[in-house]
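Next come two complexes built around chain A: one with chain B, the other with chain C.
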Partner chain A sequence: MKAVLFSPRPLRLGFSSKVNFHARASDLFWLMFFIAMLVFLFLWSAATGSYQLSVWDSWSIVFDPASMPDRLVQVIWEFRLPRMFAAALCGAALAIAGVVLQSITRNALASPGLIGVEAGASATMLVFVVILPSVIPIVFLPVTAMLGGFIVATFIWVLSSAAGYSPVRLVLVGVGITSMLSAFTEMLITYGDIELVESALMWLGGSLYQTSWQQVYVMVFWLVIPGTLIWLSFRQLNLLVLGDKVAFSKGVDNRKTVPFLLFLSVALTSASVATAGTLTFVGLIAPHIARRFCSNRHGALIPLSALIGACLVVLGDTLGRSAFAPLQLPAGLVLVLVGAPYFIILMGRLKR
Partner chain B sequence: MRAFKRVSMLFIGVLSIVSVSVHSAEMRTFENQFGKVEVPVNPKCVVSLHDFSLTIQLYELGIRPCGSVARKRFWSEPYFRGVQHRFDTTDLAYVGSHKAPDEEAIAALNPDLIVGLSYQDKFKEKLSHIAPVVILPTNETSIEEWAGQLADIVGETARFKDQQREYHWIISEFKRLIPHPENITVTTLEVYEDNFQLIGRGGLDEVIDDMGLGRPEGYLKAKQGINYSLERISDMDADIIIDTYEPLLNSRKDTAEFRESPQWKNLFAVQNNQFLYFNRSRFGESMDGLIGSAYLLFSHIVERELKTQKPSTEE
Partner chain C sequence: MMMEVHSPSYITQRLSLSRLSGAFVLCVVLLLASFVHLSVGAKSLDWMTIWHALTAYDPSDLDQAIVRESRQARLLVALMVGAALALAGVIMQAISSNPLADPGLLGINSGAAFFVVASLLFLPSLSHHYLPVFAFLGATFAALLVMALSGSQQNSERLILAGVAITALFASMTAILLLIDQQGLDKLRHWLTGAIGASDLKKLEWVYPYLLGAVLYSFVLVRSLNAFHLGERVAASLGVNVMLLKLSGLVLVVILSGSVVAVAGPIGFVGLVVPHMARLLIRNGYVWLFVYSLLLGALLLVLSDIAARMILRPYEINTGIVTAFVGAPVFIALVLGKMR
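Right after this comes the complex of A and B.
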């Protein structure tokens, strides 16, 4: 292990003739570091909450639930663990989506919110909560929000690529449609029935409250398949960052690759927004933090961003449910409050 | 000595059987619009998911809930609306907000019953891991209906019947003295800094309906729970206008300027000194809320001179 970590030569991981990943020792080190960080955050989060449990008891319940009282097992297994896993999965999904969008638009400000998924999902959710309540059962609202996000993202893609794909056009159309939908959402919040609006606000704030194991299983599916496909496209992403012409000269056709990657990032974002509401700030900051450790090498950048995104949302959710307990603060709000200053300091320290 | 041991063992055995049978008999099935739930016959620790209706109604029935949601601002004590000025709440634990009650804080109380409102049905599945959850049809039925169900669950039907008797007496007395209540129009609203809503808290709207009082045309056409521009206030003009203020939110002061405007002063109810300004948290959405609101309206309509836009026939 020591030889791998400190060897100046990249470690070659061959999956097939098309996918060859050269892992640097530093990349492996940071991956291991953030895996350890995530494990630490999980252990801390499992021992934190309104129900007073010692760290030892919490871990015993996690690793050996059969030997512990039912009430304590319920607190950990029904209330804490689904939130923690959902937080990590949503954070990872949004971070990966952020990497893809920042790379294909070659825009550092791009985030999963840019392609309208967040705004589309929020607007759809509010329409069915405020204007047409009871039309759709509550359990199907996240799926409806997800569909809304997909439709808006497709609309943005069609508008921005009708006269040929251009990253700048995608960004501008995305910003325009997102602003329009945000105005619509604001209007519904301001003039909608206060009781109904209040129900939607918690979700809009990015809350993992009420997350169930079922949502965790669904989220695993939505993270693993698109996430793996995106990671397997790391070579194309490395080339797309250099420009369309360079990518094309190396055999990457952006007319095929970009819509495919965009579709995968929309899938990741929609699934996260449907599970946890609007947390998309993590999709902006996690890739930037990860780039500090592995630059734009997407083979490492994608998993590293995913780990950082997972850590950030687990941290945000744990602080949100414990800082002012029993008052529950949405993870999205905590993430912005804690993450934004750190992000500003981090960016201020960048040499270029 | 051996005989004593045998008798003791027999006594303990009988006691165990009795206690087990009593324990199993302590559960019963409660059924309403939200389904069947196995509930304890005499719940010892009830958690309420709404302060302004369920918590207050529980106190009125003589039940001291062990936990309740409340309104809370950062770095301030939780505020149990409509409750803490009437009852001692020192032993009432705060369990989060009504939109996101903290499951762990509820579990820590070890409750044997959790009660919630219609829109809290979505919490039922998770909270059922802690204790039986009964959702009351607060959106679908009247206060009287769901308060009756709550009294049934906690075994305080006799106290509820007394509340019901008093309320029905006020309504019947009102109808006896005002034979044509539909000729008297009432608007219930809440004026904020730059808009207003049509809302009557503390059971006011239900009392107005039960008394058979009329509503102005503009009120009947408008929707409740929506913010209207203050310019539309004249559409809601009625014989009586009822607004409420919240002492905690300083709403009296915040809206004082509007009450000085010609738009407000031109209203029939204002010109004839028939504008009523009640404390919003004085009564909750409960049986005592209905009774209190009914007495207030009774007093202002029956026991004083009242001017109406339409001719009113009084006994």
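Right after this comes the complex of A and C.
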């Protein structure tokens, strides 16, 4: 059952067609379902914390602040909501980046951290936290981390495509550079001042502690522009999954499309790494969960995995906040702990 | 056995003679490197002092005491760790038919490290003699997970990515443990990046029976491995029990890398780099490949340890970090050269 909904003008990337976007009823159902799920998770997350509320209370605080006591409204609006929005936005960004990488490399195990963004950003961050503290004002740290991620990703791309691009090379060169950078990071962790290292480790684990509305606005910008561009090129992604040659024969010039898509996914990844630290396991697992609902049709896969990624990070952050209270576990670590067993079972099934 | 079928025996003899002399040269280089290893450090010692310390030890001389008490122990640990990691790498690359296999890259080291950290934090009263056992358990667990993730087809890209995912899993679980127990972080952060220290000689005593057994058993497997090199079917038709061979290879890798993790923490890339260096010298025949890998692995680790102590003197970098800086470029060069 198909319904012609709307037809965005296809993005011209060496490939143009007048095919309309067909949305299946099941896709729409799952999109609605996960939007509802996200809203519920938001309310639950807003209610959970050292000051416990009921889900109904958090509903009325969010949608009708005037009727509730000022103190509660302030707790939710100033502390909990920005944190949750940041979590959801980062999750969505990483999930979209994950879809792009898994499709470009045609490898189910690819994750956005693979092209070195995460490692580059972490290394830059640690250098400025541990070796050169107070050289750069704290406000600019995320931007600097982002820049580091971009530089490393560019280096990996240039190195792996110098003698002709191939997805296998991209992935493996990425692994090599990443492990070299993480050796460097480990060196700083081992020899740095333990106080500075502790705070850096918290950030590296993917912690959303102390997020402001300003960061949320910046993140919205960084999610919406690259995310929309990626979604508009879903047809190219559909073809790239079939193989570089098939895609080329259908008019997708992978020498232009692949770097363009990689650039967008690096932008998404580095923005969310700068906001929330290393959470990239979301980018590995969210696309897989989404594929169970809409298989490999990227038109539906991209929004659906963005929603699922957002749900996952909000869930991980809330669990990390509440499960071992007063200890706060970083959301990234919680996600790996919860997600990895599921992921392993999933891959075991895929094999057959 | 295979070689004699194809070539006259005198060529074989000359070949093995050149291999023997090559091994001898390596031994001499290793000996020289060991001397340098003993002489450098926070305090440089001259060669005569070392010679006296080794032959006619005078405990009242402080310099000689440094050599005997701390540097000698560190040297022994470096030699053993390097040789064990190199052997683990050769066996891994042989049974997975994958030139990029390495206990560090495939997550086996980080699995062992997680189990060791967990046992230290949760069972602090347990005798330290059980540490290697926990390391073996963790290494086995990680190896099984990687095998489950990478699937049955021989695909080195997928195997490496499975290793990366498993490494991430165990690394973040270790990070959670260390966040819960903050004093643990301060105590263990050196060990977690692969550190070699003088105190490790004691730990070596826990693991050397396992290491010795593993080295001997790997030489038993040489014939089957030679056949396996020609392909799984050929090996099966030559009477090799392939399943048993793979299983013993796995057990050997687990024991070798688990022991190393229990002694010196997760040290990566030695198992990747050394087999390729050895293969530049030895094209075929696993006996000599094993011998050369053991020697080259020990040499690489001694040299890395020298570098670790020289670069930021009088401070030290952890040896695992040095091997990563040496090994990762080799890995990238291999990928760029071999992968299409």
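Criterion: the second predicted complex is superposed on the first by the 326 of 352 C-alpha atoms of A that agree within 3 Å, B and C clash if a C-alpha of one lies under 4 Å from a C-alpha of the other, contacts with A are read in each partner's own complex, and residues count from 1 in each chain.
Quick note on the criterion: contacts are C-beta pairs under 8 Å (C-beta built on N, C-alpha and C of every residue); 3 or more make two chains touch, one makes a residue touch a chain.
Treat the numbers as computed from the prediction; the structure is a model and nothing was measured.
Asks: Both complexes share chain A, so when I overlay them there, do chain B and chain C fit or clash?
Replies: Because the two structures are overlaid on the shared chain, the partners are seen to fit without clashing.
Asks: Examine A:66 and indicate which partner it touches, taking first as chain B and second as chain C; both and neither are also allowed.
Replies: Once the two structures are laid over each other on A, A:66 reaches no partner at all.
Asks: In this superposition, which partner touches a larger number of chain A residues, chain B or chain C?
Replies: Touching more of chain A: C.
Asks: After superposition on the shared chain, which partner residues are touched by A:75: those of chain B (first), chain C (second), both, or neither?
Replies: After superposition on chain A, A:75 lies in contact with chain B alone.
Asks: One more residue to check, A:49. First (chain B), second (chain C), both or neither?
Replies: A:49 contacts chain B only, not chain C.
Asks: Output check: A:212 vs chain B and chain C. Expected answer is one of first, second, both, neither. What do you get?
Replies: first
Asks: With the C-alpha centre of chain A at the apex, what angle separates the C-alpha centres of chain B and chain C, reported to the nearest 10°?
Replies: 70
Asks: Examine A:333 and indicate which partner it touches, taking first as chain B and second as chain C; both and neither are also allowed.
Replies: Second partner only, chain C.
Asks: Report for A:175: first if it touches chain B alone, second if chain C alone, otherwise both or neither.
Replies: second
Asks: Using the superposition on chain A described above, determine whether A:193 touches chain B (first), chain C (second), both, or neither.
Replies: After superposing on A, A:193 lies in contact with chain B but is clear of chain C.
Asks: Does chain B (first) or chain C (second) touch A:132, or do both, or does neither?
Replies: A:132 sits against neither chain B nor chain C.
Asks: After overlaying the two complexes, what is the shortest C-alpha distance between chain B and chain C, in Å?
Replies: Between chain B and chain C, the minimum C-alpha distance equals 5 Å.
Asks: Show which residues of chain A both chain B and chain C reach, each in its own complex.
Replies: Chain A residues touching both partners: 190-191, 194, 198, 201-202, 324, 327.
Asks: Touching chain B in the complex: which residues of chain A?
Replies: For chain A paired with chain B, touching residues are 49-52, 71, 74-75, 78-80, 138, 190-196, 198-199, 201-202, 207, 209-210, 212, 321, 324-328.
Asks: Please name which positions on chain A make contact with chain C in the complex.
Replies: These residues of chain A touch chain C: 107, 109-111, 114, 159-160, 162-163, 166, 168-169, 171-173, 175-177, 179-180, 182-184, 186-187, 189-191, 194, 197-198, 201-202, 205, 281, 284, 324, 327, 329-330, 332-333, 336-337, 340, 343-344, 347-348, 350-351.
Asks: Taking the touch rule as given, give the residues of chain C at its contact with chain A in the complex, in rising order.
Replies: For chain C paired with chain A, touching residues are 100, 105, 145, 148-149, 151-152, 157-158, 160-162, 164-165, 168-169, 172-173, 175-176, 179-180, 182, 185-186, 189-190, 192-193, 268-269, 315, 317-318, 320-321, 324-325, 328-329, 331-332, 335-336, 339-340.
Asks: Under the stated contact criterion, what part of chain B meets chain A in this complex?
Replies: 72, 74, 94-97, 99-105, 107-108, 110, 119, 121-123, 125-126, 129-130, 197, 223-227
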